[in-house]
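Both complexes shown next keep chain A, but they swap its partner, so chain B is in the first and chain C is in the second.
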Partner chain A sequence: MRFEESRVGSVLVARALDGRIAADIAPRFKAELAEYITQGNRSIVLDLAGVTFIDSSGLGALVGSLKAMGKEGDFVLSGAKAAVAGVFRLTRMDKVFRMYETADDAVAALS
Partner chain B sequence: MISALVRGVCDHLGASADQTSSVELCAVEAVTNAIKHAYRGIPGNRITLEVCYTSERLDLSVLDQGLRMPPEQQEKFATGSHVFEFDPDDLNSLPEGGMGLEIIRQEMDQTSWSEEAAGNCLRMTKFLLPLASL
Partner chain C sequence: MPATETNLANTPDWSHRLRMQLRNQFARHLENAKPDELFRAAAGILRPALVDGLLESSERFRGAGAKSVYYLSMEFLLGRSLSNNLQNLGLYKTMEKAFENLGLRLSDVLEAEPDAALGNGGLGRLAACYLDSLASLHMPGYGYGINYEYGLFRQEIEDGFQKEKPDFWASQHSPWLIEHLDQAVAIPLYGRIEHEKDRAGGYNPMWLDWQLLIGVPHDMPIVSQDGRTVNFLRLYSARASEEFDIGIFNSGDYVKAVEQKMRSETVSKVLYPSDAVASGKELRLIQEYFLVACAVRDIFGRFLSTESDAAELPSKVAIQLNDTHPALTVAELLRTLIDEHGMEWDKAWKITQAVCGYTNHTLMPEALEKWPVELFERVLPRHLQLIYEINRRFLDAVADRWPGDTGRLERMSLIEEGNQRMVRMAHLSIVGSHAVNGVAALHSELVKSDLVPDFHEFFPGRFGNKTNGVTPRRWLRHANPGLSGWITERIGYGWHRDLTELRALEEFAGEADSQREFLAIKRACKQRLAGLIVERTGVRVDPSALFDVQVKRIHEYKRQLLHVLGVIDEYFRLADDGIAPVAPRVHIFAGKAAPGYYMAKLIIKLINNVAAVVNRDLRVADSLKVVFLPDYKVSLAEIIIPGADLSEQISTAGTEASGTSNMKFALNGALTIGTLDGANVEMQEEVGAENMFIFGHTTEEVRALRAGGYHPRDWYTDNDRLRRVLDSLNGDRFCAGESGIFYPVHGSLINHDHYLHLADFDAYTAAQELAAATFTNSTAWSSKAILNVARMGKFSSDRSIQEYAREIWGIHAFPPALPPA
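And now, the complex of A and B:
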C-alpha cells in the first residue's frame, strides 16, 4: 500500500494510493498504519477517495488500526466511495468509524 | 483477476452497481476464504471459480480440494454468526477477522457449502431481478 502524506497542523492526512484494499495487501496496510501511530501521530485522517474496493481483510486492518490508536487519539476516514461505504454499512462498521465526505472535512473536524 | 471476471459478467448481464459490488465482494471473500482456511495460505493449490448465469440469476461456485470447513463454521454459515453484533463503542468487541463468510451469507440471496467428490464447494446465488418480478 502506498500513501501520499500531508500534514495540517497536528493532523496527518494519509491518502491511500492503491485502489484496492484486500487480503493480499491488508497485512502490509495495517503495518504501515501502525507505524504512523507508533511515530506518535494522534490525529490521523485516512483518505479513501482513491479506493474502489475493500474486503473484510482490509476492514480488519482498519479495525486493528483503530484499536491501536485507542481512545487517546483520532483515527478517522474520508472520501469513501459508494461501494466502499456499502461494505462499512453491511458490517456495521459505519457505526464505529467517523467517516467524512472529504479529507478537508475530516481535518476541520479534528482541528 | 476475480474481480475483473465477475464485474465483466455483471456488466454483461446489466446488473446494477450495487449488485455488481456485492457479487464482486462475495467472490473475493469466498476465494480468500479458500486460500486462508482450506489451504492455510500455502501457495500452489487449485481453486476453481465457476460462473453460471441467466438473465435472472447469477450462480457462483468456488471449489477447492483443501481442508473441509469445520462443522461449527458450517453451522454459522448456514444460520448466521454474531460477528457484526458488536458494541460500536467497545473497541475490544470489534472483529478484525471472521467476517468473510457472514458477508457472503448476508449479501447473496442463496448460499450453501458442501463437501463433494470434486472437493469443497461454496455456492452462492444473486437474483438479478426483484423477486416480485420473477
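And now, the complex of A and C:
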C-alpha cells in the first residue's frame, strides 16, 4: 500500500495511491495506518480521492484504524468517489466516519 | 386492425440480407448453413428494429414522466420468440417469402430456436404472458429475472421413467439478449453485523466482511402486438467480482481464485425445479436475493436519473412480487431507503409498502416459503436485522389490537418459532405490501378465509383478486392461425385489441357452415398433433378420435392419477367387459415432475406402463390409445393445445390457485372436464355449465368430507368398479417384470388419498361418459366448442393487466402517436 503524505499544521494527510483497496493489500493497509497512530499522529486525514474500489476487507482496515484512534484523536476520510461512497452508505459506515468532499475541507475541519 | 407489413419490410431483398447476415455473422454460405445459424441470422436481421423500438418506447415513457411497474419473478417461461416477434413486427410473411426464395421454409427455421425454459410451469408462463400484455397495451412495464444458464431440465423417458437432462438454453448466446456490461451492479452478501455507535452516539449496525457478486443485465426485447412498443425483460447473470478475484490472483492462490469465480457464477447457473425441493438450499436463497438486489439497485438508478427525492419513489415505481420468491424486495427496499438514503424508519416503511404488491400463487401451507433463521443470518445479516425490526413493530400493532392473544401473535409472526426458527416469506410479503392478491376469485377468497385469515382480519382492505389471463397473441393467433382466421372472417379484427369481442361469435355457434369449418380446422390441428405423437412416441393415433388431454406439471393435487385411474377403468370395460366404445379416445399426457418428487415420478411411470399395455392390446385397437409426450414445454404446448378436444382440469377443489392451461384450451375450442377449482369456477360462469363437464366435490364438500373423517378404504370397498382398478395396481397387469412397482400408489390411495381421488372417481367417470356421448354428436360438440371460444374474452391477460394497472400499480398506457395518414 502506497501513501503520499503531507502535513498541514498538526494534521497528517495520507493520500492513498492505490486505486483499489481489497483483500490482497488490506493487511498492509491496516498496518500502515496503525503505524501512523503509533507514531503519535492524533489528526489524520485519509484521502481516498484516487481510490476506485474498496472491498469489505479494506473497510475492515478502516474500522480497525478508527477504533485504534479511539477518543484520543481524529481519523477522518476525504475525497471518496461515488462508488466508494456508495459502499460506505451500504454498510452504514458513513454514519461512523466523518467524511469530507476534499482533503482541504477535512484539514480545515480538523484545524 | 390487421397487422401490416412495416416500413422495414419494404427494404428490398430480404433474401440477400439473410445471405449477408450468414456470411458476416458465421462466415457461412447459405448452402452450408446449419438450422441454428439460419435461425440466428433471421433473429439478427430483426435486431435493429427491436433496438429502435426499445429506445423509442423508453424515451416516450420517460418524456411522459410515466410511472413504471417492475415485475419481479424467479421464472419467465418465454418459449420461442422468433415467430412471435416476426408477427408483432408485421414481418412474418416477408421473412417467409425470403426463405422461400432461398429454397427454405421459415417453419423449419422456427423449429431451430431453443425454448427459453426459464420457468417450471404456470407461474413462469403467467409472467411471460403479462409482459406481452404490458407491451401490447403500451404500458411501461418490465420484467426482472435471472439469466439461468440451464433452464428447467430436459425430460427424457427411459423405460417409462422420467430422466432429467440438462437444458442449456444458450443464455450467453441468445440472439435476443442485449448485454449491458456498463450497467452491472455489485451485490454484497454474507458477512456480519458490527454493532457500533454513530457519530452522535446512536446505534449504528455496520455490515462488514461481505463478499461481492456482480450482476450483469441482459435485456430481452418484448414487442407489442402492433410492433410499436418494445419493453424489456431484464435478466441478470452472476459474475465473480473481478476486483475480488484480482486480489486473490495477486496473492498467488490461483486455484482459490478460480474456485471463487466458479462459485460466484454458480448463482445464475440453474433454475431450481419447483415445489419444496428448493427449500433450505442456500444457493436458492442467494438466487432470490441476487435477483432482488440487482433489481432494486437498477430500479433506484432509473428513478434517480430523473428524480432527486427518494420519497417520490411510489409516484414513479411499482414493484410486483410474483409469489414469495422475490419477497426479500421488502427488506432490500427498506434497507436501501434507510441505510443508503438516510431515511427514518416510518417514512421508509410507508414508501416500501406503497411500492410493493404481492401475488400469492398457492393455497398449500407446506408450499409457502420459509428459510432457516440461521441460514438467513449467515447470508443476509443486515436483512435479518431489518426483518426482526419489521416483526417487532408489526407484532406490537397486533398485540394492541388483540391484547393477550399470544396464539395469534405466534401465527402472524414473521418468525416461526420451534426447534429450527424460520423466516416466513409470505408473512414478510403481506406485511410489506399495500396490495395482496390471489389469482382467481375462488383462490383469493380461500387466501383470506383459509390460508392467512389473521392477516385478512388485520388488513381487511389489503386483499383482492386478479384472475389470471393468457395472451391471445401466442395462444391463439400464433398457435392456431387457422382458428384465428375463422374468427376474423366472422367478426373482423376487433378481437385482436379486445378479446371480449369474441362474444360476437355466439351467433355462429349454431350455424352449420361455421360448425363444419370449425371442425375442419380442429381436425387439421389434431392431424398435426397426431404427427407429433408418432414422431415422439412411435404411437399412431386416429385424428378422428376424441383427443383427451392433460398437460401440466405432474403433481398429486393436479390429479393426473385420477385421469389414469379413469383410463384403466375405460380399458377394462372395453377389453375385459367387451363394452362397445362410445367414442374412440386418445389420452394425451405431458408434464415434468420435480426430480425429487418420488410420487410424481411414479405417476409418470404408471402412465407409461398403462400406455404400453393398452396400446398393444388388439382388443381395444384404435378405440383407446394412451400417450405420454416427453419434455413438455411452451413450443410443445403450442401444438398440443390447438389439437385438443377435451381439456382435463381435474385438481381437487380448493387446491389449484387458478390454472392457465384451462383458459388456453377453451380459447382453442376444447371443452373442459373439470372440478370447481381455480379459474374453472369463473370459466363456468362465463361459458355456462352446459358447455363444460363439471364434476366432483366442491371446496366446501371437500372440507366437510375431511372434517367428518375421510376413509378412502371405505370408498374402495364399496365400489366394485373402483376396486378392480385399484387392485390392478397391486397386481402385475401394468408392471410385468417389475412386480410391486406401483404398491406405493395403491397404498397411498387406499390409506391416505389426501387429494380425494377415490371420492371423486364415480363423478369423474360419469362426466367422461357424458363427454364421450356428446362427442359423437358433432353438431352439439362443435356448438359448445364455439361457445367456449366466444366466451373466453375475460381470460385475456390484457384484462388482468388492466386490472393490476388500475387497482394496484397506478400505471397508465402511453401509446405512440399514430403516423400521419
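Things to note:
Following the convention adopted for this analysis, the second predicted complex is superposed on the first by the 111 of 111 C-alpha atoms of A that agree within 3 Å, B and C clash if a C-alpha of one lies under 4 Å from a C-alpha of the other, contacts with A are read in each partner's own complex, and residues count from 1 in each chain.
What we mean here is this: a residue touches a chain if its C-beta (ideal position, glycine included) is under 8 Å from a C-beta of that chain, and two chains touch if they have at least 3 such contacts.
Just so it is clear, the model here is predicted, and its values are computed rather than measured.
Contacts of A:53 after superposition: both chain B and chain C are touched. By the document's definition of touching, neither partner reaches A:17: not chain B, not chain C.
Judged by the touch definition given at the top, the superposed model places A:31 against neither chain B nor chain C. In the superposed model, A:98 lies in contact with chain C only, and not with chain B.
Applying the stated contact rule after C-alpha superposition, one finds that A:82 touches chain B and leaves chain C untouched.
Contacts of A:70 after superposition on the shared chain: chain B is touched, whereas chain C is not. Across the superposed pair, chain B and chain C both touch chain A at residues 20, 22-23, 53, 55-57, 59-60, 63, 86, 90-92, 95-96. Remark: chain A residues 20, 22-25, 53, 55-57, 59-60, 63, 86, 89-93, 95-96, 98 touch chain C in the complex. Every residue of chain C that touches chain A in the complex is listed here, in rising order: 188, 191, 194, 196-199, 204-212, 241, 243-244, 246-248, 250-251, 339-341. Residues of chain A that touch chain B in their complex: 20, 22-23, 53, 55-57, 59-61, 63-64, 66-67, 70-71, 82-83, 86-87, 90-92, 95-96. By the touch rule above, chain B contacts chain A in their complex via residues 3, 17-18, 21, 24-25, 28-29, 32, 35-36, 84, 86, 88, 91-92, 94-97, 99-100, 103, 106-107.
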